[in-house]
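Multiple structures follow.
Note that chain A is present in both complexes that follow, paired respectively with chain B and with chain C.
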Partner chain A sequence: MELTRLPFLKSALRSRYPQLAILIVMLAGYVFAILAGLLGTPVGSRNFSIVFVWIAWWAILILIAVPFFGRGWCAVCPIPLSGEWLQRGAVLNPLDKKPKRLNLRWPNLFRNIWLQNVSFLLLALFSSVLLTTPNVTATVLAAMPFAAIGLSLVFERRAFCRYLCPVGGFIGLYSQTAPIELRVKERQVCATCKGKPCYNGSADGYGCPWNVFPGGLTRNTYCGLCMECLRACPRDNIAINLRPFFADLTKPSARLDEAFKAFIMLGSAMIYAGVLLGPWGALKDAAYNVGTGAWFAYAAVFLAIIFILLPGLFSLMVALSPTALPKLGKGRGMRALAALSTPLIPLGLMFWVAFSLSFVLTNASYILASLSDPLGLGWNLFGTANVAWQPMLTSILAPAQTLALVSGLVWAARTAQKAAGEVRVSAIPVVGFCFIVTLIMLWLLL
Partner chain B sequence: MRSFLSFLLVMAGLVVAFAPLPVRSVPPQAWTFRVEARQFAYSPSEIRVNPGDTVTLQLVSTDVVHGLYLDGYDISVETDPGQTAALTFIADKSGSFRFRCNVTCGAMHPFMIGKLTVGSNEWLFRSIGFFLLATLALFLFPRSIPFTVHRSLITDD
Partner chain C sequence: MKRSEALTRLLITAAIVGVVGAPLFVWARTPLIHARVAEDGGWSPDVIRAEVGRPLHLRLTSDDVVHGFAVGQMDMPSADILPGRVTDVTLTFDKPGTYTFYCTHWCGLNHWRMRGTIEVGGSRADPQPAPAPVPGKVEVPLYVSLGLDLDAPHTASVIPNDKPSAIRGQQLAANLPISQSPDYYYTHSPYQVFDDLSDTPLTEPQRWDVVAFLWQSNTTEGSLANGKRLYAQNCAACHGENGAGDGVFADQVALNFGSGMSSANNGRPVAFTNAETMLGASPALLQGKILRGGMGTGMPMWGSIFTEGQIWDLVAYLYSFQFEYPTKEAP
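Entry: the complex of A and B
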């Protein structure tokens, strides 16, 4: 169903003003979160930067934005804003004369999401400190726009978003499950289009900031939904469509960087469930005391689970299957394994949903208090500063988590059945792997 | 045949969701646990009792002010450093419940968590039942949907 047939929606998306208004609000909130983290109370649960970033924003991102709108967050993310304005020399419409910038091409070696995998893992290893310490959160929040500005002044388009952003990597991966997509209406129209303004830019819109040619889009992964192509297309050939959930997963990627992203996200959700939500104090101590021997051991185990244990178990189960990769020659085995790991995308997303439900429902009551006293300085702006901490909806938490995990397992198994059929292997080892890790996740959460 | 199998699966799902689990009939007892709280852990961090038991948790803080809030029972207690505070209740709800610190006690405070299991971890077993049923349903009702293989699996480049 084409949503851009709705005149109101189409004009709202084509106009720059609604998006700019949201971006400015987001930017103000982002800057305030940095200031709160640096100037406010060091008590995380009383500081706007921790409460609004890691509870409110995270809840909206993982429970609503990613599952329903894919990269919708990227469309209103304030991080690349300053860099993009500097790169373009304009805030709104394209200038007649482009400002002189280096506009270098991003190096071929890094035209993948390995750097995003690394940046996510770096944050993940320090997450116990990052999630709980306001000035650390503020420092990371402040560093990202500066990185984006630096890259925008040297490289073309949004190099930070596309290749470095630690959040963008997993949003892209999971955006394939969303029921929203940006696609061209008629491929033939794009094939005959001269100048390709959607990619190269025109007076009406900038060339795709995500370095994607919309005419070739088949997956949501790298489309940031910024709507520039909708504005630039002279033939009205860009559409926003409503579609079934998980639609992109029928076109599995055989890229190892994306496969490892799926393992990283799956493993991280399981490790967080054990470390942060589990009853084991020694694990929490190890994760929090950065730089100690215990932390190095924690980091080593963390990386081993993600890079050795999970991919190793997965590969072993597929390899031991009697119908393991029979017709794939040299070099294709890894690509087939990467394609077979596609079921880990819905499974991983649902792991994160189940994990986040527990974390968010338990701590959501801090939001009200923080709203009235964002810096923890004793203010009471809206009369809610003294709202007592109270876990919410704990009686439905376990059923909701079970529902999320069962849904994830069902979707993963469905995807595995399809993927295995095409790679000509049995789906049973992949479904078996998903079953085992889901049982472990369930045990960790309940 | 297909509708009969669907009917069977739905019935099995209802059994998994609502059937009472076998319970060991043990006469209720009174238990007292000394729970030491420190940044950011409880010791012991996992407690098991039987349904109907009378449970007293003696919370002792060894560093800063801590608390203990028990999910599901919605009861709590707080204690100052070096002091002991007691919380007594009848474990009349079965299942697994987290207990967590309810007094901001430092950076990792939101993750200072323990676990009380009353009887068996009922929801865990029911969930495993749902998983098995869901997996069985997938193989009973396989769906064939056109699937696009990535080009690199077919070609050499």
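Entry: the complex of A and C
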């Protein structure tokens, strides 16, 4: 169903002002979160930056934005804004004369999401400190726009979003499951279009900041929903469509960087469930005490689970399957494994949903307190500063988490059947792997 | 540049300046006193200035764990300071001087180091008449006027087998030629009194019972209750709830200050259940130890915190680890 047939929605998306208004609010909130992290109380549970970034924003991102709107967050993310404005020399429509920038091409070696995998892992390894220490959160929040500015002044388009952003990688991966997509209406129109303004830009819109030619879009992964192509297309050939969930997963990707992203996200959700929600104090201490021997051991185990244990078990199960072995021919192994890891996308998303439900419902009451006293100065703006910590909806938490995990497993099994069909191997070992890790996640959460 | 572009840039600039400037302005005008465990800096700032007669409004917040706030030598309830929240306290000083404020919760091993000073300037607006003399109170601390060496060993060469009973001692003391005056009590150790009773026909256990009675008769239930409260709040973390030198921080104290501690307790905080040392210590000696603190042992100096009356209450309570005093329920 084409949503852009709705005149109101179409004009709202084509105009720059509604999106800009949201972006300015987001930017203001982002800057305020940095300030609150630096100036406010160092007590994480009472600090606006911690509470609004890691509880409120995270809840919205993982429970609503990604599952329902894919890269919808990227469309209103304030992080690349300053860099993009500097790169373009304008905040509204393109200038007649483009400002002189280096506009270098991003190196071929890094035209993948490996750097995003690394940046996510870097944050993940320090997450116990990052999630609880306001000035660390503020520093990371402040560093990202500067990195984006630096890259925007050197490289073309949004190099930061596309190749470096630590959250952009998994948002892209999981956006394939969303029931929203931006696609061209008629491919033939794009094929015959002269100048390709959706990619190269025109007076009405900038060339795709995500370095994607909309005419070739088949997956949501790298489309940032910035709507520039919608504005630039002279033939009104861009549409926002409503579609079934998990639609992109019918055609599995065979990219190793994306496959490892799926393993990283799956493993991280399980490790976080153990560290942040589990009863093991020594594990929490090890994760928190960065730089100590215990932390190095924790980091080594973390990386081993993600890079060795999970992919190793997955590969072993696939390789040992009697139906799989004869069919995995020479040179096809890695690509086939990468394609077979596609079911980990819905599974991983549901792992994160289940984990986040617990994390968010447990800590949501902090939002009210920090809303009334965002800088920790003793204010009570909305009369909620003294609201006591109280876990929410505890009676439905376990059933909701179970439902999420079981749904993830069912979707993963269905995706596994399609992916296995593509590479002509049995889906049973992949489903078996998904079943085992789901059982572990259930044990960790419940 | 188009007008719309210029206006949008202006709007964005105004929004960013506002969102940065307004919080900075408010933050700069709202000074807070931050409490952190001593290892992370204690109070910040730790020196506050005030004027006699002018209310001093303090806004306190904790950056880590629950702390408490109280000012030494002042009759004020302790205020809780919760992590990330702000507690308002208003103080009014009626005489100039340097006051010590301190944490009243066991917040960490060096909890007792969490102290700061309030320097109160100005002159006393409403001169008070000289206070009535308090028993045992002299211009200089008693242990100073007696010339006591606080660090010299003070052991009782004879100790009782059972806990001496003040009730039994009361019956025995009726006809004994022994002083029950406060001065005698303050300046003598239990063992010295026990020794003074050697000319009487009493057996050793009976003499200890008389000592227990003498100590009980020089205190009150109110003093003991106050001493117990102060002990629980300020001493038990190291010396233990039951005075056995086994408080929650005892091991860490022994580790940090073991070399400076009494070898009688294996480098741990002093045990008030140790009869040898407790029965060899006079109230004046214990007063001195509390007032001055134990040099290099981890025992803090309490002279700037406790009033003289509070110290005597505490001393009286410390002896209750050695003596059996009658309780309200007793016949």
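The criterion applied here is as follows: the second predicted complex is superposed on the first by the 441 of 446 C-alpha atoms of A that agree within 3 Å, B and C clash if a C-alpha of one lies under 4 Å from a C-alpha of the other, contacts with A are read in each partner's own complex, and residues count from 1 in each chain.
One rule holds in what follows: a contact is a pair of C-beta atoms (placed from the backbone, for glycine too) under 8 Å apart; a residue touches a chain by one contact, two chains touch by 3 or more.
Keep in mind that what you see is a predicted model, and the values were worked out from it rather than measured.
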| item | value |
| --- | --- |
| Which superposed partner A:154 touches (first chain B, second chain C, both, neither) | neither |
| Partner chain in contact with A:86 - chain B first, chain C second, else both or neither | neither |
| Chain B versus chain C as contact partner of A:63, first or second or both or neither | neither |
| Which superposed partner A:279 touches (first chain B, second chain C, both, neither) | first |
| When both partners are placed on the shared chain, which of chain B and chain C touches more of chain A | B |
| Partner chain(s) touched by A:27 [first = chain B, second = chain C, both, neither] | second |
| Which of chain B and chain C A:43 touches, first, second, both or neither | both |
| Residues on chain A lying within both footprints (that of chain B and that of chain C) | 43, 45-46 |
| Residues of chain A that touch chain C when the two form their complex | 20, 24, 27-28, 31-32, 35-36, 39, 41-43, 45-47, 90-93, 373, 375-378, 385-386 |
| Contact set on chain C toward chain A in their complex | 2, 4-5, 8-9, 11-12, 15-16, 18-20, 23-24, 26-27, 30, 32, 59, 61-64, 83-86, 88 |
| Residues of chain B that touch chain A when the two form their complex | 38, 40-43, 45-46, 69, 71-72, 74, 95-96, 98, 100, 102, 104, 107-115, 121, 123-124, 126-128, 130-131, 134-135, 137-138, 142-150, 152-153 |
| Chain B-facing residues of chain A, complex | 43-46, 128-129, 132-133, 250-254, 275-282, 284-285, 288, 328, 332, 335-336, 339, 359, 362-363, 389, 391, 394-395, 397-399, 402, 405-406, 409-410, 413-414, 417-419, 421-423, 431, 435, 438-439, 442-443, 446 |
